[in-house]
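Input: structures, listed below.
Shared between the two complexes below is chain A, which has chain B as its partner in the first and chain C in the second.
Entry: the complex of A and B
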């Protein structure tokens, strides 16, 4: 009998230890397979204990997205390089959405409005020691244009050449978004005088850290570049981990595997806020979460229905429920846009909603509180998405409050269906003030026939305003025009603009000078370091 | 009558049966018991821990988790039971035909079964759902299409064994027709085993359903469903653990109950009640019986 109890106890202990080790593993693995857990398993030696970390000055930090490699010319992969202070562009955008020089220290546009001149900063060198002069910059820009079709779309470039210390760009036509678009990480300057075939693993840029080892999907290591023009970087070496899952990233920070991480889910904010061990930073982002409304098909081909839907949304309640400092927007641009305050934005207004619904023929309500038209049919809209989110269920809830029946249709491949225009409502989360400038978003989404105008929006006045942006160079005037364009979008109800996205970053309190930018493809800076 | 009498005297079975019935009743009368509307969002009570008003806490949009679990039981249990019954019917019919007629029919049916058995179930179901689209009907279809194989296999081996029993031979010699033999002598002897299997399979189907919902292939929101509730809860693992704990616990308890019920049913329906005490499992016994028969067949052939 005694033996039996003993063996039972043993089994129990074993089961418990298995369960516990299981928990530990899931916390650190970072949600991207075995490779990640191997990597993060080794990390605590350098980053786990604060005292030790300060001595050898190695930073482990986590971001939520990697491209397939590190070549800035490939897809959107340059975004990883600017997040990790590896790659730099001629001009960059600071915390207040102002343009500041990086590799260029001075720039101007000629009176002909097509010639842009950038003076290359003295003393900038590539991480292999080669001098980064005007010739080198020209080579790099040309490479970006060659390898990525987004390059020419963004710059509308006729020619680029070196003139002493200056790089001279000539655009095909006056293009007001030129400077802003040049800050996009696609145009991270790389050394093209050497073999560039391995830039997917070891790009040679001008930034504070140079990549030494890249493991796709998992992480890359980088060391401080001694010859960096901006002074000595804050760490001797860094490891940047790709942890897409918000929970896993937060757990990795809590367990000490990471010193610093980008993007905390609003739901996890309470883990770090008000805790002296962590520093939380928030910045109003440049993204907006919105719903594309298909204006080419029922029911949203009816402007009244679009307005009714927008008036049914309780923007502030939704933002408050998601938490994390979000605001309800009701406008295509977030509060970080200077004209945000002057817009006549969509607001929650059930009475107005009822009026719009009545105008669209939905005058009665049925037993369950849904509005019906003369034929007794309900107003049913479908949101197409791959996985339901609380945001979707909130939209469903508020629509129902006003009698609109919203169904969530789950589908595996949303983007193909969306691109084919076969949808009613689709969620989107866009950088609307990408590069600090409004034109890109307007161009891509609202212009008649534009690539990402899945909803078939078309408005001549709006097109004219977007066209006018192209030839406007004064930053204030550009914002003014974008404001007018936004008002048209709101008045025509081209989409339902729900909430903005707050950029929230967290680090352990021993990390100093962490930065949080409105644009989320900036994160680590050369100034970030450990407290002495 | 014999079985009923045995059942009434089996304490373990009666307890399990009562718990199961209580569970089913709870979900049937969810509307009367649930303290709140399962889909009503309450923005003043978001992510509340368990309290007097919300015994199991609330979720990210302020819905009562207890109410959602009660209503969700309807969806989860109904799907699990329907799938189990459907696959039992399909599997039993195919197994009977295959086992009784043998020959080419048997070969074809069993090769199809082998083929389906070779697929990892969940991957196959995901593929079907991805093609047909999500939704309760497609989910039931997908789960049924792949899972009848087990029933077919078991039924076939039972039929083959029973077919060679003396009483069947007797019936055949007395001139009973094939359908008569099947339904009067074979089916009644197969059913008790199958009832056990069916009961236990409800549990495993509940789990499959939960995994599919967790992957976002289950029911459509806002319909409450246990697996889907787990999937909603996983992003609040640290900040609102009750969103994971309660649905997880309910699934766990439900699966255990059905398994134990199946277990005690087996004790009752087992015609030679002693086997359990001997410690031989149903499957082991089945296999040894089959082996013995096959060995005999083999010896006959040799002779």
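Entry: the complex of A and C
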């Protein structure tokens, strides 16, 4: 009797298993990303014969963030469009943080310092075939200002109008960061002469690829725009996937579902480095991980303590221990800033640390090796952060090496405490060279009384330099001023600047011309293609 | 029965008021707000005036009761507000993700039923035999295995090594296989163990001895009497599982990049997306109230003791 039970059950399980598998298999054909791809990583197997035919010209790539839709006017959604070579701005920023013309091929600022003129490149058309002229650009810029509150904050614009082939911007006041801010993908140029209500799904831009199908949060498909002003794009079609999880993105690249991916986690880097099947590219980014130091309260109101803390940090060792291509900085700006090499940056110096500590009254050590003052009190510093990270633990370790006791305080409400100035050290991971320009960070964080000057920094010379940036329009000169400002910040120890965040991208070795930019809202370019 | 259903449905109203108000209250205790979190998540610091204007526009500066009252009034009209993370109406966002979650839930539950019932029976019938040992060992492993680890193992073997299935689930059926298996393994293992225990308990009852002594074959007793009784308590478990999986599976959704309501809810909490959290809470409350009602009705149909005992 039991044998009969057994046979019936086994047959039942097998039949249902087969039925389920069959059901799954039939549904997979024809879908994008519907199956694992072959070893070339060109196209998912789920695409069947069609996928094989398109193997040489369809790119599947993964990025780590999608906005809620594809309208560049909404939130930061334009970042997705520039990452996928769908959207373009008047001017863009290249791998060396130089400004490069995109829709505009020439620009200048008048002597009055408030009038900016941009010449619109001949032959630029929107992906619906309409001509992208000066009037069209004005319409697009006005739309960005109307639909997104960041627009006016970024440009400080009094007016924008077309003058023949030129677009003329007038700012409310001299504003040196104007050109850099105009590269922000919020100002991706779209065709406003047509109905824009569906731009969340199908934006009409001027880039190399034209969106054909968008599935929110999941992926979008795009095809090469044959009227593209910059020549024939490298692929006939692309699919851009939203894969926020680092491990999942790496797995998809390994399985061949992706040909190319943006941002590899430090822990996954070893999967690809030294492997001939992949190409790994790194670029120093524009973010710096740093600690705000509260100069208005003990112990960091004492400049000696600030310097001692900075000298205790072994920046390179911290970066090396965390891995993932991080670099120790010791400066408010990352190595991608042109003036980085000329700075006299903070470096690991235990002797100097001991001298600063002695100057601050910490001359003895207790049984556990921590420095103490004449009253026998340890120097205890508290780092406020929302979650413990290896970086914080490394800071704790190196501070201890020099006798400074660091305690990590975890709090969910870091921002309110920070904004109220009720902290000693607070962790931050910020874009310091946003849009390739230093003004925003200096303006917001270091100017006396600035919005994000949580630490209460105040230095008249620094304020004057930041003010000078407002009326300086030459890119080199701006960087020179930012370098001087950075040196003051370092000399006054207005913060502890630990590591920069490196942008790491990986592709299969059959992909050519993958680019890795310091600014991570650029990725796919029209030149990226498969090797012949 | 109809009266019973109507009364139970009316109970839904205080439940919904209770959970939504409690959620509102708890969210008001949470630090930061959606505007702060939005800028923080992008790694940029927003302009103070712009941020304040956004708060004013979202009504975040109003007192708690005013905000809750406004939300209830709008929700009664079917307007659950706008999600600040997605810039879409909450109802639209939920409607976009729910079909995906339901698809994943149906597949995972189907796998669970298909494998757990036969294997549970097999394990009980072959108690302390090789088949039982193997099934018990596997179910023990299944119960103990964290879903994120199982998911990554499946990706490693089936997507990376064998190249048979995609690691990105996408929105097609083949992409559902690995996440469904991952989600169902723990449930399957739990059900096998529970069913085995239930069957063994039933088999030792006097009525089974009585039936066997009348000469009724063992398989007929098992099929007609033991199994239905053993499955009765499984129905409650199954109801809870339905509620659980329809609420989304955050970890599985993250590992397989599956855009369901589980990950959406987790992200909404991180982003302090009040309206979206409220929408999700309403959905969860409706699911559990509905599933509990369905289970109770099913119990009354299947269990004569409840049916004969009246309302």
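One rule holds in what follows: the second predicted complex is superposed on the first by the 466 of 532 C-alpha atoms of A that agree within 3 Å, B and C clash if a C-alpha of one lies under 4 Å from a C-alpha of the other, contacts with A are read in each partner's own complex, and residues count from 1 in each chain.
Throughout what follows, a contact is a pair of C-beta atoms (placed from the backbone, for glycine too) under 8 Å apart; a residue touches a chain by one contact, two chains touch by 3 or more.
The structure displayed is predicted, hence computed values, not measured ones.
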item: Contacts of A:320 with chain B and chain C, given as first, second, both or neither; value: first
item: Partner contacting more residues of chain A (chain B vs chain C); value: C
item: First (chain B), second (chain C), both or neither touched by A:268; value: first
item: Partner chain in contact with A:409 - chain B first, chain C second, else both or neither; value: first
item: Touching partner for A:251 - first (chain B), second (chain C), both, neither; value: both
item: Which superposed partner A:393 touches (first chain B, second chain C, both, neither); value: first
item: Shared contact residues on chain A - chain B and chain C; value: 247, 251, 411-412
item: In the complex with chain A, residue positions of chain C that touch it; value: 30-32, 36, 38, 40, 42-45, 47-48, 50, 53-54, 83, 85-88, 96-97, 110-111, 114-115, 118-119, 121-122, 125-126, 131, 152, 155-156, 159-160, 163-168, 170-177, 217-219, 222, 254-257, 259
item: Complex contacts: residues of chain A adjacent to chain C; value: 1-2, 4-6, 9-10, 12-13, 16-17, 20, 23-28, 31-39, 44-46, 62, 68-69, 74-76, 149-150, 153, 215-219, 241-245, 247-248, 251-252, 254-257, 287, 411-413, 415-416, 429-431, 434, 444-445, 451-452
item: Residue numbers on chain B that touch chain A, as the complex places them; value: 41, 43, 46-47, 60-62, 130, 133-134, 216-217, 220-222, 228, 232, 234-240
item: In the complex with chain B, residue positions of chain A that touch it; value: 246-247, 250-251, 265, 267-268, 270-271, 317, 320-321, 386-388, 390, 392-394, 396-397, 407-412
